[in-house]
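Both complexes below contain subunit A, partnered by subunit B and then by subunit C.
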Partner chain A sequence: MNKAVRKLFAIAFAFAFFLTSPPTLKSQELLPGGRIWGNFQLEAQYYFSDSLIGAPEVPEKILMNGFGNLNFSYQGFTVGMRYESYQNPLLGYDPRYQGSGIPYRFASFSQENLEVTLGNFYEQFGSGMVFRTYEERDLGVDNAMDGLKLVYRPVDGVSMRGIIGRQRLFFDTGPGIVRGFDAQVDLNSVVPSLVESQNQWSFGGSAVSKFQRDQNPLYNLPENVAAFSGRLNFSRGAVSISSEYAHKINDPSAENNFIYKDGHALLLNASYAVSGAGLLLSAKRIDNMGFRSDRNATGNDLNINYLPPTTRQHLYSLSGMYPYATQPTGEIGFMGELNFSLPRETPLGGPFGTSVTINYSLANSLHKERVHDTIPVGQRGTKGYRSDFFRLGDEKFFEDINIEINRRFSRTLRALFSYAYITYNQNVIEGYVDKEMVYAHILIADVTHRLPQRRSIRWELQHLSTRQDNQNWAMAMLEYSIAPRWFFAVSNQYNYGNDDRDLRIHYYTLSGGYSRGGNRISLSYGKQREGIICVGGVCRQVPASNGFTLNVSSSF
Partner chain B sequence: MPGLFLFLFFAGCDKIEPPYMTDHTGHNGAGEVTRKVLLEEFTGHQCPNCPAGHQMAKELKTLYGERLVIVSIHAGWFARVSEPPFDYDFTSPAGDELNTHFGVELYPIGMVNRKSESGSPLIGPTAWAEVVSQIIDLDPDFHIELSLNYLPEERKLEVNADIHALTASPNQYSFSAFLTEDGIISPQKINDPDYPSGVIEDYEHNHVLRKGINGTWGETLNDIAIQTGDVFSRSYSVNLDTDWIAENCNVVAFVYDSTTREVVQVEKMALP
Partner chain C sequence: MKKTIAFITFCFAFTFYTAGQSQSSLPELTIKTLQGRDVSTATLENQGKPFVVSFWATWCRPCLKELNAIDDIYHEWQDYGFKLIAVSTDDARTRANVLPMVMGRSWDYEFYLDENGDFRRAMGVNNVPHTFILNGKGEIVYQHTSFSDGMEWDMFDKLIELLEDNE
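This part shows the complex of A and B:
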């Protein structure tokens, strides 16, 4: 074990010692009526190079991402900041994060019906199709605004929000200025005759515009680009329906290959829920609806809007191996999910009852036609293409049918069984041109045995079967927990079906962790396969790695 | 409230009508001492999205003529040599070193004068035009005079450069010279429905970096502050590999700030 690894262990033990000592000062006592809160998180990895799995040589050996939030509020006045440090960014995170600083700070106050925020803020209009700023640390996404936000509620049931500023780009801000306005009306609160009605109606609208100077010598570019959306929601008893339509004017960008076509998006959600059963239906059509505050931005940089996914987000490692990323340039998607409970004390439900979830989702291309016989679809510097609103294209991007059964067999034994069949278009989702469509069957068993004295053993068996990509995988995991403080786990993912015998690799991991109060520390060692992680249809490529990982988090 | 929507609609929209592209003429600048701009694009013959980058560079070349100098650096995963038809090796030690030094992970990507934007000089093809337009009309700081002598029997190229300082500067500068080759016909992967196979068999590769004539980073020009009128003379010789076609080769020579690595002047000359 070399010096750097010993150093990593020393840091881990120092934190463990620190975390087991109870705090002696309650921060809330600093100022009567005042409140301080925040959190801290650190992830450090020590890397070994491993050419077999494609883990690159890391000259620094240790990389670290860390941040801390500190907030203070007093009588309607709130200030806060987040310090971030990347020394240097962990593998898979954008190297432009390198360094340290305070990229997020704000002051806000509210008085009467008005709320004012100065500095950085996150905000979302409707479902986010014209405006959403958010932070998703696992993806390295943070498109926070830096500017001003006003929220005004003139009467109960009506809110108006206005925003203006630039978006965060690592430790800087993007070149474009974003301005927006949103209004939301809850009709049942506003119209006296509807107050007692069982029909609940609300509607809203948003307008967002960006400004970026045109310095491009090749194109006549719009310096101001606006997007608009309208939404209508209805619910009555067990039924709930929501809808939103968004439109964006010509916005040539790197994402759409500098075409001048307008963008459109439609999102429909409907749900029905009664005791023991629920049905959810979603449909979505997206057409050239990428919207960024820098027309040259790519990857996850400077997104003004967010296009909600209509696919299920799988949480297990093998069912999550082929996740779907929303395609802002164009897709039509559907999802349906049925869940129900089989009553206890019945032959199917067993002594403690069983819950079942059946889910289906599809993402497909749009039908696209040439705007002129001589102009290819998507040609730069043209309208790009024509598209019939309701016509599906020829290319399937993603399809997923899955069933999950959750059953408790006794007071000490419960299990989850799951099967998924996923169709995954690698070329579209990962940007290749010569990869095969992946058809994968995934089986999962997740069993938990409760033991005396709040101990438990949980084990997972997973299998992925496919003839494409890296072919078959098997995975096993065993976890021992002493609630609520300790856990220890060992797992192995084995690519036993790989055509190349040299690449039939075991990706094993050993991990352990300790929690107390708001503090948590964990240490793991193992190999991480190359892959993609997605949260909410937004994805990040994760490179292969081999080494130790230390996680420390604390909140107060 | 409706008033605000209308305000954003009218104030926040620039509806562009055709023609969407500008007239690509008029920036040749031949015959006068002007600032020239270096565009280095990282690419690879197995990179399906790279032809779009080549096309963008070509459009800029059409617009700026001799004032834009392009170097295509084949390096990284997409430039790897594999089974036919991708068995030709476009890589070079200088290209590999630049690829590693600048931490290139996405292709195609490029550097305009190695000028840093948001902490990195690497920018995508659609941003090249804007950065070039911001730099290209600045007054030149240097003038590079090249003279080349090629000895075909020995396949030996002699490079002589006189670098004239046009403005005084306290900064330290370096001088680099690359050898590039045009017109290499070899397969290229492409992401275009017009090529269902995903490959163009007879793709013409231009501006390919072959060699760093004085290494990857060149050599330092000055140890003390530069005065207007200072002239720095440098001479090098280099042998051409047997499969390089001399008539298609060029020397690309440039001066850059040794600290920031930003290129301040570049010159290109075809082999005689």
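This part shows the complex of A and C:
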């Protein structure tokens, strides 16, 4: 951030604080309607090295990620900033986060039908397939724009957005400039004869382009790359259908091995939902649709768009062991999910009712053909490949069939049972070359007993069986909570089936936490396998480690 | 740099000191109904009775536990005229799941989508579930992050307290 901008924000904040609420004066008298809010979060870990589980020696012993947001608004005017500090970044986070600073600050105002944002912002066009900036701090993802955003709503039901700027790259911004425009029309609000209609129609379109200089000595690379998308949504009663198609001009990049091929993406969702039952069907086709504001970027850096995976996000540690990630270079995916409830006081539903979720998803490769007899598929510097829109490739990336039953047996006993069968292509999803396809069966029981005085005991038993990867796992967890403030938990994940006897490791964890109002503090000790963990009411993504972890979170 | 840090520390100390001194209303932003229509958060209310605004997501297990637990006693909440407004923070990946899931579970809450996270950020929400209780005037009087079983009764007690204060 340059000095002038920093000064400007410092003045704006000082001004805001001066006006809002010096403790001796009542804020309402000075600036009625002024509001200050924000949040704070800190995670610190003390590490023990543990070569067996892959937790390395950490020279600093203690690592910490922390941030705080501070915002002020008065009438239509808002200023805000986020201070972030990584001293040094926790294991599993990109080391380029090292340091401290204010990578996010903005000022915005809205007047009549116009909203203007200066500085950093998050925005999404449609389902995000041509433009989405967002933050997912647990994953270390933040591709916020730094620039200008305008939103204009000329009449009810019509909105137009324009954006320009560069994207955040750790404590800097990326080399490319991103420009975009989006319009959305809710037809039933705009056309008077449709106001009362049961058929609800809306549509929208986006155009986004990036500019990055070509300094490549070998190839003549496009400096401006544009992407377009159109979307159409319809609903009538219980039926909803949404669709979006995106097209991107050829964009040779490190991600697609510098091929000169246009990109396409199609996303379709159809649902039928009535009280007691809901069905969702999704289909998706993605072809060479990686879009970043630096053609050399990899990993999670500088993504301009977001390609949603159409698979179920599992919520337990063993069912979440093999999660799917979208393959931007090409995939076809399908998902179906049925949710229904069996009513209370029926033979099947039991005295308190039962809910059931059945889900199936598949992600598969595209069928790719050579563009010329002498050119292999995906050859650098060529048009890459040809692909038939409706034809599946012969490689399966991921498949998942699962069922979950959630039943309340009595006033004090509630249980969830789940089974999943997951097929997971390690080579494609994790980037290996010679690993086997994983076929895993996962069984889960999650049981909660309510005790008097708002106390409860919850236990989980999970089992994962597979002949591949690390073979079988078992997991047990016991949690005691005193609502609304305290929880204590102990858990163990045991890789008992591992072929290598030395790797039959117990990943045990002890944890406890206290929350009050918007504040929450928790401390845990143990070994952590890489994955998603949910204890005591909050879910996070964590890397492999061994040691103490302190979490403090506060909202005000 | 040192000056910046000192300044920020001051701001935070100041904010913590002043936080909670005044009761604020919901910020005014645009969210969407499950059918995709724009709605202003300024219109969220409960006809002069206290209500709850809860941020959740279809992929968040404690959130589902919370919504299930409240559902078990929701008829009692409704007898008093209380209401739960559930704001989904699901993104493009799971947004389409929200409607079939909430209908399939027969939840009787008022649902909205906050796909871009504007409302969540404007409420200072770090993690879900994060629950706010508002009085009949629409002022935020209490908030809580995370969920454990039994908390639905705490919320119920607080709502009744607010109702009595009102009367």
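Convention: the second predicted complex is superposed on the first by the 511 of 556 C-alpha atoms of A that agree within 3 Å, B and C clash if a C-alpha of one lies under 4 Å from a C-alpha of the other, contacts with A are read in each partner's own complex, and residues count from 1 in each chain.
The definition used in the following text is that contacts are C-beta pairs under 8 Å (C-beta built on N, C-alpha and C of every residue); 3 or more make two chains touch, one makes a residue touch a chain.
The shown structure was predicted, so the numbers you read here are calculated from the model rather than taken from an experiment.
Looking at the shared chain after the overlay, A:496 reaches neither subunit B nor subunit C. When the two complexes are overlaid on their common chain A, residue A:382 makes contact with subunit B while staying clear of subunit C.
After superposition on the shared chain, subunit A has more residues touched by C, the comparison being subunit B against subunit C. Look at A:295: by the touch rule set out above, it reaches subunit B but stays clear of subunit C. Once the two complexes are overlaid on the shared chain, A:309 sits against subunit C while remaining clear of subunit B. When the two structures are aligned on the shared chain, A:409 is found in touch with neither subunit B nor subunit C.
Once chain A of one complex is fitted onto chain A of the other, the partner contacts of A:488 are absent, as it touches neither subunit B nor subunit C. Using the contact criterion defined above for the overlaid structures, shared-chain residue A:219 touches subunit B, although it does not reach subunit C. The touching residues of subunit A, counted against subunit B in their complex, run 95-96, 98-99, 160, 162, 169-172, 179-181, 183, 205, 207-211, 215-226, 228, 249-250, 252-254, 257-258, 260, 295-296, 298-299, 376-377, 381-382, 431-434.
Residue ranges of subunit A in contact with subunit C, taken from their complex: 6, 10, 13, 17, 20-21, 23, 27-28, 35-41, 68-71, 73, 83, 100, 102, 122-124, 127-129, 132, 134-135, 157, 159, 186, 189, 200, 202, 233, 235, 240, 242, 269, 271-280, 282, 306, 308-310, 313, 315-316, 337-341, 352, 355, 357, 406, 408, 414, 448, 450, 454-456, 458, 481-484, 487, 513, 515, 517-520, 534, 536-540, 553, 555-556.
Listing the residues of subunit C that touch subunit A in their complex gives 4-5, 7-8, 11-12, 14-22, 24, 27, 35-38, 58-62, 64-65, 68, 72, 91-97, 99-106, 115-118, 121-127, 129-130, 142-151, 153-154. On subunit B, the positions that touch subunit A within their shared complex are 1, 4-5, 8-9, 11-16, 19-22, 24, 27, 48-49, 52, 59-60, 63, 103, 105-106, 118-120, 123-127, 129-130, 132-134, 189-194, 198.
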